[in-house]
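When the chains are written out, they are named A, B, C and D in that same order, and each has its own residue count from 1.
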Amino acid sequence: MEILKHIVMDHFAQRSNWLTNIEVRVKLFYIGIGLVLNILSDDIMLPLLFFITSLLLLITIKVSFITLGLRMMMPFLFGIFILVIMGLHTGETVVFSGTIFGYELALKREGLQIGLLLFTKVAGGVMLMLLLSFTTAITKICMAARWMKIPETLIEVLSFLYRYLFLLIEKTETMMSSQRSRLGYVTWFKTIKSFGSLGGMLIIRSITRAENAHIAMISRGYDGGRVLTVQLTPLARNDYAMLLSCGILLVLLSCLRFFW
Amino acid sequence: MTIKIKVEGLIHKYPDGTRALMGANLDVREGEFLAILGANGSGKTTLLKHLNGLLKPVSGSVILDSKTLSAFKPSEVFRKVGMVFQDPNDQLIAPTVEEDVAFGPTNLNLGYDEIMSRVNNALELVKMKEFAKKAIHALSYGQSKRICIAGILAMQPEVIILDEPTSGLDPDGVKTIMKILNDLNKKQGITIIFATNSVDLVPVHMDRVAIMDKGIVVQEGTPERIFTDSKKLEGLKLELPLIAQLMEVLRDKEKLPINSLPLTIGQAKHELSHLFNRENNIQHAGSIE
Amino acid sequence: MTIKIKVEGLIHKYPDGTRALMGANLDVREGEFLAILGANGSGKTTLLKHLNGLLKPVSGSVILDSKTLSAFKPSEVFRKVGMVFQDPNDQLIAPTVEEDVAFGPTNLNLGYDEIMSRVNNALELVKMKEFAKKAIHALSYGQSKRICIAGILAMQPEVIILDEPTSGLDPDGVKTIMKILNDLNKKQGITIIFATNSVDLVPVHMDRVAIMDKGIVVQEGTPERIFTDSKKLEGLKLELPLIAQLMEVLRDKEKLPINSLPLTIGQAKHELSHLFNRENNIQHAGSIE
Amino acid sequence: MKKILLGISVVCALLLLPHVAHAMHITEGILPLKWSLIWFILIIPFVVIGTLRLKKKKRNVPGFLPLVGLVGAAVFVFSCFPIPVVGLNGMATAHPAGTGMSAILLGPFVSVVIAGIALFIQALFLAHGGLTTLGVNIFSMGVLGSFSGYFAFRLAQRMGLKLFWCGFMAGVVSDLCTYLGTSIGLGLLVFKEGETFSVAMMHSAKAILEIFVVFMATSQGPLCIAEGIVVGFALSYVYKVRPGILYNLRVIKEERDAIPG
């Protein structure tokens, strides 16, 4: 639960600043191309560049470093893990070797180099993603998804899920607190059992809520049609300008590689 | 006054066999502010859900504008009669305020401009205009309540039904909601039906009261007619408004000469100061004498 | 009187950056019935959750029985301080009433007989003995509320914390719960802390009041000391109890000679009958003269 | 000296693993474009069928949309339960996959869609997983997890086991398969173009196996069991309290009468 409490929060995206005000399609375009270039890259400069520029952009809107650090932690650990795995499995030049639990292991230079590249790609890619999520509310993404002709049903499920996620987290926390304050989590088995009934309650709660939500929807005239309503305004001139400059920037970035 | 909604002999049985309504009768007059009182489980919510056809009765009928409800298309009924549920989290389904308020009008198949103007109007009426772009989960309880009302207002209904809209709100929040509802009732002429457990609100804001008990409406009338006797109300698990309780005690225990039972602070003030002045005058008269 | 719980400079920040407590101070005395009032979002729930360690403060401390909370094992704290949350559905964990009340004692690793006697006692105290075998989902709202309290009582706590236990209950349900709590407080000597939005309950049942605003406790004292002025309370989004509102109007607008502000029906009756009798007596005296 | 360094790095990896496995999803940036596309193509049929089913049910079953959204949210929250387990790395908390549960409640195809949406949200807002790695993650958690869990549940039911054990099987199997999927996704990274197919496969298989073993040896092995128990308990809890729910979702065949009050 701690994870959720700390991280599922879009309040940065709810604020108003120059990054959140950029048209969502422009942002998606930039981030999308950026992510592809990032995984295509075969040296560490481009990923690092993405990492640094995104970080700088996020700093301009005063994102707290703690939040940023918390979100980067998991991908970084994963990156280190990949570094070790690649080191163990790829290449010829053995750097270190030995046996552990009777199992022969050897770290190789080439593998470590690839691992390092992957590590920077993780850093760059994740920072690009964070740039998107810190500056774009999920509803904007839903709108853009509709514009991209993603099936409406999927978007509706996404927005429902997102809408009720916060509520269920809060409810679950209260239920957990009340179990905890009656000592439901004192031993391992009790903990597992308490989680079991918590899971059960969660299912029951979500289903009764779904029934109530459906009744409320019917009473507001819902007959199986659309759920989401507000549409994107058509792209304006400065959106195109932004799009163009992003495009030029990306082309420049990927060309830059050849001069390194 | 014309009858807006007429409920006749409504009987409802839930799938599990609970008989929640046992022949309820009720008249809702056009343009009135009607309170529905009743103990927990007396069938208030069940009755309200029949008024816009969310539940279907086993027998009996609901007549809206002198036409039985089953003769309407559901969408027509929902357009005329809007319902605000007790828990705002059940009702707010879209991720942002604006989208949620637009949900109803969209289902009416209006044009985009019409939808947006209705959304703006509704938000204006509940004084939440600047929250249009906010995420629903970032609202406080009282704010969500107001958005629920806006969502219904955007459908421009003739009747609004509210199920315990003030429970869990602080005194200031209660005042705000009641002010909004009173404005809608008095200025826009919307008929309001309001289920509640707080008897103290009733004499201040409502024109008429219906009391439910065990699935039927046992009494109907003006607050002055209904709130006359604490004994009878106790049997219905209710009580007099606090001011009335005080005045009743003064009348019955202290034998003060109070005739009609004042229910609100205004009435009680009037009555008591009157009484006091009379005493004073008598005393004055006495001393002059 | 000994201090049971002492809260010193409590600051709490939710993960999203909301500063819900900004240095709250509070003394809870042993055996008292303390009300915590405050507008929606003023930090009542957050404060209460600190009192049994469910939340950890950023800074400041909670001292229970003159030992800081962090020096206790969590299970010890939960045994001493029980908490009843607002929504009973969030708390009833087991499928039947009996199993649910037994949940806490079972986790204390007591013997079967001890568990059963505690369950029976607890159910007796909340007057729900005959419901022992009922399924949880077959209970009414007020009944579930009482089972929640029983579940906490079965752990034999020294302090019970309740978060808005009366919201959504009918007047009769409110009376029952308040009677149960009063008995627990007066007869069993259990310290009770009670967060609420209904100011009218406070002067009738509670010994002391703490008022919260924007994350701090801004006032603390007896109801008589706190409820003196409607202006100040309005700034805190609260109001005087209805009876006090009436008496204030009589005193300030009608210039009736009322000295202290009566808060409950009993006090008001006393004051008013006194007033009228005095007048009557003077008048009498006058006419004799 | 070298040995010590190696030892340290392996121990580091082992210690880190539970945290990595926390996320369970392959992080953004790790897959090269080729693999990323291959995985996306692999999952397309499942997602398309799932979406079509959703669409059809949305039209035919009133209230299906909020149901899927809410159960999806519930499963999302469920997958964040911090379950304490003991592994090689000592006491740690791990998170269940949850797809077993959603597959039981909503059927495997819809469950794939739900998993996809959950993964999308996690990628963006938790930085768990990623956008270019969405394909492989949906494959391991959504497709493998859902179908294996669903079939394990139905199989156990066919064998006449109690509901608890059916849920247990679903939880354990779907969790194992999810990790297997993640291991495959990671292990295939060492697959090299230059080598002959069989040699490259050998290498990859070795890597897959190693990763999987490391996963299992740290907290994730015990987690499978724990997730099984939790899912089992949760289902039997629902069965005890509101059997009608399971019946309406077609999880169980006959509706037992409500508990006599």
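Everything that follows uses one rule, which is that contacts are C-beta pairs under 8 Å (C-beta built on N, C-alpha and C of every residue); 3 or more make two chains touch, one makes a residue touch a chain.
Computed from a predicted model, the values in this text were never measured in an experiment.
Enquirer: From chain B, count the fewest steps through touching chains until chain D is reached.
Expert: 2
Enquirer: Kindly indicate the chain pair that has more C-beta pairs in contact than all others.
Expert: So the chains sharing the most C-beta contacts are A-D.
Enquirer: Express in whole angstrom the distance between the two chain centres, defined as the mean CA positions of chain B and chain C.
Expert: 28
Enquirer: Just curious, how far off is chain D from chain C if you go by their C-alpha centres, in Å?
Expert: So the centroids are 45 Å from each other.
Enquirer: Between chain A and chain D, what's the gap in Å when you average each chain's C-alpha atoms?
Expert: Each chain's C-alpha centroid was found; their separation is 18 Å.
Enquirer: Chain B: which residues touch two or more other chains?
Expert: 93
Enquirer: Considering chain A alone, which of its residues make contact with at least two other chains?
Expert: 9-11, 138, 159-160, 162-163, 197, 201, 205, 209, 213, 217-218, 227
Enquirer: Mind pulling the chain D residues that touch 2 or more other chains?
Expert: 66, 237, 241-242, 258, in rising order.
Enquirer: Using the definition of touching given at the top, classify the network of chains in this structure as line, ring, star, complete or other.
Expert: other
Enquirer: For this entry, which pairs of chains touch?
Expert: Once each pair is checked, the touching ones are A-B, A-C, A-D, B-C, C-D.
Enquirer: Under the stated contact criterion, what part of chain C meets chain B in this complex?
Expert: 38-41, 86, 140-142, 164, 167-173, 175, 197, 199-200, 234, 237-239, 241-243, 245-246, 249-250, 253-254, 256, 265, 268-269, 272-273, 275-276, 279-280, 282-283, 286-287, 289
Enquirer: Flag every residue of chain C that touches chain A in the complex, lowest number first.
Expert: The contact residues of chain C facing chain A are 15-17, 49, 52, 54, 74-75, 78-79, 82-83, 85, 87, 89-91, 93-94, 103-104, 107-108, 151-152, 155.
Enquirer: Note which residues of chain D are touching chain A in the complex, please.
Expert: Residues 2-3, 5-7, 9-10, 12-13, 16-17, 19-20, 22-23, 26-33, 36, 51, 54-55, 58-59, 62-63, 65-74, 76-78, 80-84, 95, 101, 105, 113-114, 117-118, 120-121, 123-128, 130-132, 186, 189-190, 192, 203, 206-207, 210-211, 226, 229-238, 241-242, 245 of chain D touch chain A in their complex.
Enquirer: Would you pull the chain A residues touching chain B in the complex into a rising list?
Expert: For this pair, the touching residues of chain A are 10-11, 14, 137-139, 142, 159-160, 162-163, 166-167, 209, 212-213, 215-223, 225-231.
Enquirer: Can you check the complex and tell me which residues of chain A touch chain D?
Expert: Touching chain D from chain A are residues 1-4, 7-10, 32, 35-36, 38-40, 47, 71-75, 77-82, 84-90, 95-98, 100, 105-107, 118, 121-126, 128-130, 132-133, 138, 141, 151, 153-154, 156-165, 168-169, 172, 188, 191-193, 195-207, 209-211, 213-214, 217-218, 224, 227.
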